[in-house]
Each structure stands twice: as structure tokens, then as C-alpha cells.
Amino acid sequence: MTKVLVIYASDYGSTRKMAEAVAEGAVGIPGVEALIRNAEETTAEDMTSSQAIIFGTPVHMGSMDWRVKKLIDTVCSGLWAKDALTGKVGAVFATGGGLGSAGGGAELAMLSLMANLAECGMILVPLPKHTPKYEYGGLHWGPYARTTNLAHEPIGVSEEQLAVAKTHGANVARVAVALAGKLEFQK
Amino acid sequence: MTKVLVIYASDYGSTRKMAEAVAEGAVGIPGVEALIRNAEETTAEDMTSSQAIIFGTPVHMGSMDWRVKKLIDTVCSGLWAKDALTGKVGAVFATGGGLGSAGGGAELAMLSLMANLAECGMILVPLPKHTPKYEYGGLHWGPYARTTNLAHEPIGVSEEQLAVAKTHGANVARVAVALAGKLEFQK
Amino acid sequence: MTKVLVIYASDYGSTRKMAEAVAEGAVGIPGVEALIRNAEETTAEDMTSSQAIIFGTPVHMGSMDWRVKKLIDTVCSGLWAKDALTGKVGAVFATGGGLGSAGGGAELAMLSLMANLAECGMILVPLPKHTPKYEYGGLHWGPYARTTNLAHEPIGVSEEQLAVAKTHGANVARVAVALAGKLEFQK
Amino acid sequence: MTKVLVIYASDYGSTRKMAEAVAEGAVGIPGVEALIRNAEETTAEDMTSSQAIIFGTPVHMGSMDWRVKKLIDTVCSGLWAKDALTGKVGAVFATGGGLGSAGGGAELAMLSLMANLAECGMILVPLPKHTPKYEYGGLHWGPYARTTNLAHEPIGVSEEQLAVAKTHGANVARVAVALAGKLEFQK
């Protein structure tokens, strides 16, 4: 089996729901199993035993949630030092209040997550614009669920946004299956 | 007079309209005059004779328009080499189709514009969230006018988005007036 | 007095040293006092009572230290909600192992710090290239002290890097003094 | 054959040399051929007929060369509209004077290139830190050749930097071979 790990932090459950949709999409690909982990409970072994790792975060002040960052600083950095994740597949997603007209900082937040994946030498899977419902939940770096309305009142995650997350999970799983055991980078 | 220069590139007129609103906001501040310049016509003297420089761009493929970049590479780089813009005030804005739910790459496009301003040693003015109509045309790095609807059909620039641009121009002018002749950075 | 707050997290003391140099530069400007705070001890009142706030961080996996992010998520976000920091002056600096030839992720880490400052509506001060010793400790977004050699062995912070940090502190203080009480952004 | 396209712009030949090293690494993988193209001569057909596309740029004022951007705006955007590059493999590299201690803006420049690749739905290959000579020519987003010394005098591209570029080309080719014909993203 090809294992896809979905790591998230969540304040009110929105990012958790997106994580579940990502995992649902992944396990729809034959030969793929998924594990969903809260950032505060994720272990190094969870990561090293997976072929793909997907990070999701709420956007806070234009960057990732501190609990996701703590996991990266305290666990990923050790795996980076040992080149333990090189050649695995990585991807990201985010949720957020998104005040304004341009994502409220989601892009830089996703790029910071991707920086960790790139530092670990992981192959990155973006989100194609032909993804169904992209207009409701898409950015090229990954799915984004805006969870407030124009008045900045909470409205939760929509079906369309979950659909985007599900497709993303499937795409990542497809890449992980195609690459499994195939890559040996030069050292 | 404190001079504010607004530089833009525009395909269908939306970024031009935003530039005009920015300039309109700037000249509303006592003692301020504004000059609007197409990126392809802007000269080094336009920049060196201004106290504030505001760059606006359509977002293309997640970054700035190539005509704005050409101006930066061919004119700004020479001024950078001579430290000719240090201590001036800078700011940015953008427009774009914005396909998806998170700005369609506007954030990185604005940051690339800001990189040029920062390299030139300019003080940067962001967009406070309490800006009127921020929800229709705001990102913390600057105004953003999404010019298509959910079906990705062109809808032009709205009054609310122009209002955000106008406030941004006024804010930048306020900073330029307050700093005019006051800054002498260590060399 | 104009108050400059310098916030940092530090693993082995390098970022602390840079913070001290930044503060030293700030207090060299007449009428300026500085306060240095560890990110884990910084309070909302520290920020609201300051005219300038400078964030420093070690770079971990291409982004800011999780302790700085925790402060931002738990304290700055509340001040953002109340527009309590609008019009203040902000700036950033970083340290890091910097493995490789291009800063090891320092740029994105600094931009993430700046995202928080921009969200809070703060005026941003970059680092001009004519800063003395820029070649040893400079990036346009702020000072950067690489603290390892080519073999990635720890070598600490150099005098040249501290000099860059000191100039940065002075520049930020100059802007804060020039703007103090002058700005009233439109709401 | 799996075709790898290497696109570059170059002022003094450094980025051209890096492009050649990338291509040399790619063709070292069995079944792979490479095509090197100047950005001003690259056609849509060059891209659609390739399985991997690698963009290289000099860093100018903290972002990509305007000639590379012109290619992206005028050619890639049309291919994006038709989803013509989805599922291909993409990667980036850069060169630059790199004044300062942190890459001189190389990171944001590389991310802007990656934004175009991500918008086109391409799988992204970063640069693992265990790459030989990474310390002389590496950033996690891709190879970076600093082409000036501490005094900012031109010194050209080194053998070590070319070695990093060569490994990058080989890594990208490996991913392209492994994924060729395997990916079918959901539409």
C-alpha cells in the first residue's frame, strides 16, 4: 500500500474537515491508504512511513498556524538533517477568514508550508485550474477554503471546497503511486 | 509639493483605473501632487523627482506584468546601483482575473513589486484592514481588484475597489509628507 | 520618548545578539528608547506602548521559529482585530545556518514576519544596500546573520553582521521618530 | 524519449552555462533528451512537446528577468488557459550578483518562476540538501549560482555550481521518466 499522511491544525474544525476530504480523495486511488493526524500528535515515524505528506493549516496573520510550525521545527527539522524524507511527495492546503479580496495571506502561508517540504527534498503537487469547483476553493499552490463571508462572519466549509480538497488528495495519491520506489536522487 | 508617482501597466484598462484612483487619493492630501505613468513610458527622472512611488500591475501567471518588470530591470536597477531612491516611500496594488478562492497569485505578484522597492531602500506602506471597503478590494500588501466573476467572465473594476485604491493613495501620500526631508539613512 | 520594541526567539544566542545590536542602534537616535523582549514573554501592552516593533527570528525549515509564530497567533492577532497597531513602524531580521548559496530560506522567513506587520497596518522599513557591511549581513528585507560556515559548522555572529543590525535599528528609529504622531490613516 | 526543455535568459552567459549543465544532467538519464532554449525564442510547441520544463533566470531587483516574464505572459498564459501543461514536470534555477548575505532576492525570484509552473498544473521538483556541492550552489527551490564575490565583482559560475545544476537536471529527468504517461488528473 502507498500511504498518504494528512497533517493539520484546526481551531473550529474547518481545517479538520478539509483534511478528511483530502484523505477521502487519496484513498479513492487503488492501493492507497491515508492517515489523518493533528499536528500536535504527529510523530517522525508517521512521516517516514508515508510516501506522501500533505500539510494543512489555518491562515493566521498571513502565515501558518503556530502548532504546525512547532511540528516542523521540532520533528521535520530532525528528519531534514537525516535526509529522511527525500523523494517523497508533498502538498499543502489551507483555510482562513480571508478578509479582503485576495486570499488574506493564504498564498504566503501555503508557500511557507511548501518551503518545509522543499527543504526535505519532496516532490510538490500543485492544484491544476481544471480541478472541479476550483473557483470556490482553489489556488495554484493547493486548495483554500475561505470560511467567512463578506461581512467576515463564519460560514464554515462548503461542499464545493471539500470537493476541491478531495480532488487534491486524489492527485497527490496518483503522483505518490506513480513515483513509489522509482526515485533515487543523487547524493 | 510632495510628488507621488503612480506607475502601471494595463491590458484592458482596469489597472489604469486603479492607478487613477490611487492618484486621486494622493492629491487629496494637502501639498501633494501626483503623476500617473504607463510603465513603458516611465523615466528615471520621473522616479528620482518623486517622494513616493507606487507600482500597480495586472497579475499574470502569479506574478507581475512583463512590461512592469522590464521597467524595473532597465530603469530601477540603474537607480538601485546609485542608491538614488533610498528613503523614498513605496507601495503597490494589483488587478487580476483571480480565478479561484484566494487571489489567484496576487500576493506573490505584489511581493515581487515590493522586492524592487525594498531593494531600492524605500519605506513600504501596506493596507490596513480598517480601510473602508477593504472586503471588496483589500490585501494587507495593497489594494487588489478582482476583475472577473465566479464564472471567470470580465466584470471590470468596482466602485468599492476604486475606493480602496483611493484610500491607499491617500495613506501613501500621508507617509510621504510626514517623512519628506526627514530621513537620512546611514551609509 | 519614542519606544522601539525588539522581539526575538533564540536557540543558541545568535538572534539575541542581533536583537541587542538592533536595540543599540535604535537608542543611538536622540529621543529613542528600546525594549528587548523574548517572544515567549512579550505582552500586548509591550506592543501597543511602542512606536516601532522589530521582529527577529532564527530560520527553521525556511520559515520563522514556532515561538515567534505562537506570539503572533496568540497576541498579534488580537491586536489586529482591534486595529491597535496601525500606523506604527515595523521591521524584521533573521539568523540561520543558511546551508547553500542563497540564504537557506531567510527571504521567505522574513516575508512571513513582514506579513504579520503588514496585516497590522504597520509602515515597513527595509535595509538599503548602502548599509555599511551589507555584504556580510544584508538582505533587502532586513539584516541576516548566517551563523555557520561552508561546512555548516557553527561560527556565531560576526562583528560585521552586528554592525548591519545596529544600522537597521537606527534606521527604524529614524522613521519612527519622523512619523510619531503624524499619521492618521483613513478608517 | 522523454524530453526535458531548459529555458533561460542570460546577460553575460552565466545563466546559459547553468542551463547547459542542467541539460547535461538530464541527458545522463537513460531515455532522456534535452532542448535548451533562450526565453526570447521559446515557442508554445517547445513546451507542449516536452515532459519536463525547467526555467532559469538571472535575479534582477529581487525577481525574474523581464524576458523570462514576457515569455510567461505571452506564451505560457495561453497554454494555461487550455490546460496544456498539466501533469508535466517543472523546476527552476537562478543566477545573480547576490549582494549581501542571503541570496539577494533569489528565493522570491525562484518562487515567481514556480508560480507559473504551479498555475500550469506541473509537478515541482525541489533541490535536496544532500545534492553534492549544495553548499556552493543550492537553495531548496533549486540551484543558485552567485556570480560575484564579496566585493560584488564578477567571478562567473564555478564548477561546483555547475555540478549542482547538473544534479538538478538529472533529478528532474528521473521524475519525468517515472511519471511519463502515468498521470491523469481529475477534470
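Chains: A, B, C and D, in written order; residue numbering restarts at 1 for each.
Here, a residue touches a chain if its C-beta (ideal position, glycine included) is under 8 Å from a C-beta of that chain, and two chains touch if they have at least 3 such contacts.
Note that the coordinates shown come from a computational prediction; the quantities given were computed from them, not determined experimentally.
Colleague: Using the stated contact rule, I'd like to know whether A-D or B-D comes out ahead in C-beta pair count.
Modeller: If we tally the contacting C-beta pairs, A-D comes out ahead.
Colleague: Using only Cα atoms to place each chain's centre, name the chain farthest from subunit C.
Modeller: Farthest from subunit C by mean C-alpha position: D.
Colleague: Taking each chain's centre as the mean position of its Cα atoms, how many Å separate subunit A from subunit B?
Modeller: 32
Colleague: Provide the C-alpha centroid distance between subunit A and subunit D, rounded to the nearest whole angstrom.
Modeller: Distance between chain centres: 24 Å.
Colleague: Let me have the rounded angstrom distance from the C-alpha centre of subunit B over to the C-alpha centre of subunit D, please.
Modeller: Roughly 29 Å separates the two chain centres.
Colleague: Taking each residue of subunit B in turn, which ones touch at least two of the other chains?
Modeller: 62, 80, 105, 108, 111, 115, 118-119, 129, 140
Colleague: Within the complex, which stretch of subunit D touches subunit B?
Modeller: 60-66, 69-70, 72-74, 76-77, 80, 105, 108, 111-112, 115-116, 118-120
Colleague: What residues on subunit C touch subunit B, complex-wise?
Modeller: Residues 80, 83, 86-87, 111, 115, 117-119, 121-132, 140-141, 167, 170-171, 174-175, 178-179, 182-187.
Colleague: What residues of subunit D sit close enough to touch subunit C in their complex?
Modeller: For subunit D paired with subunit C, touching residues are 62, 94, 98-108, 111, 129, 134-140, 144-146, 150-152, 161.
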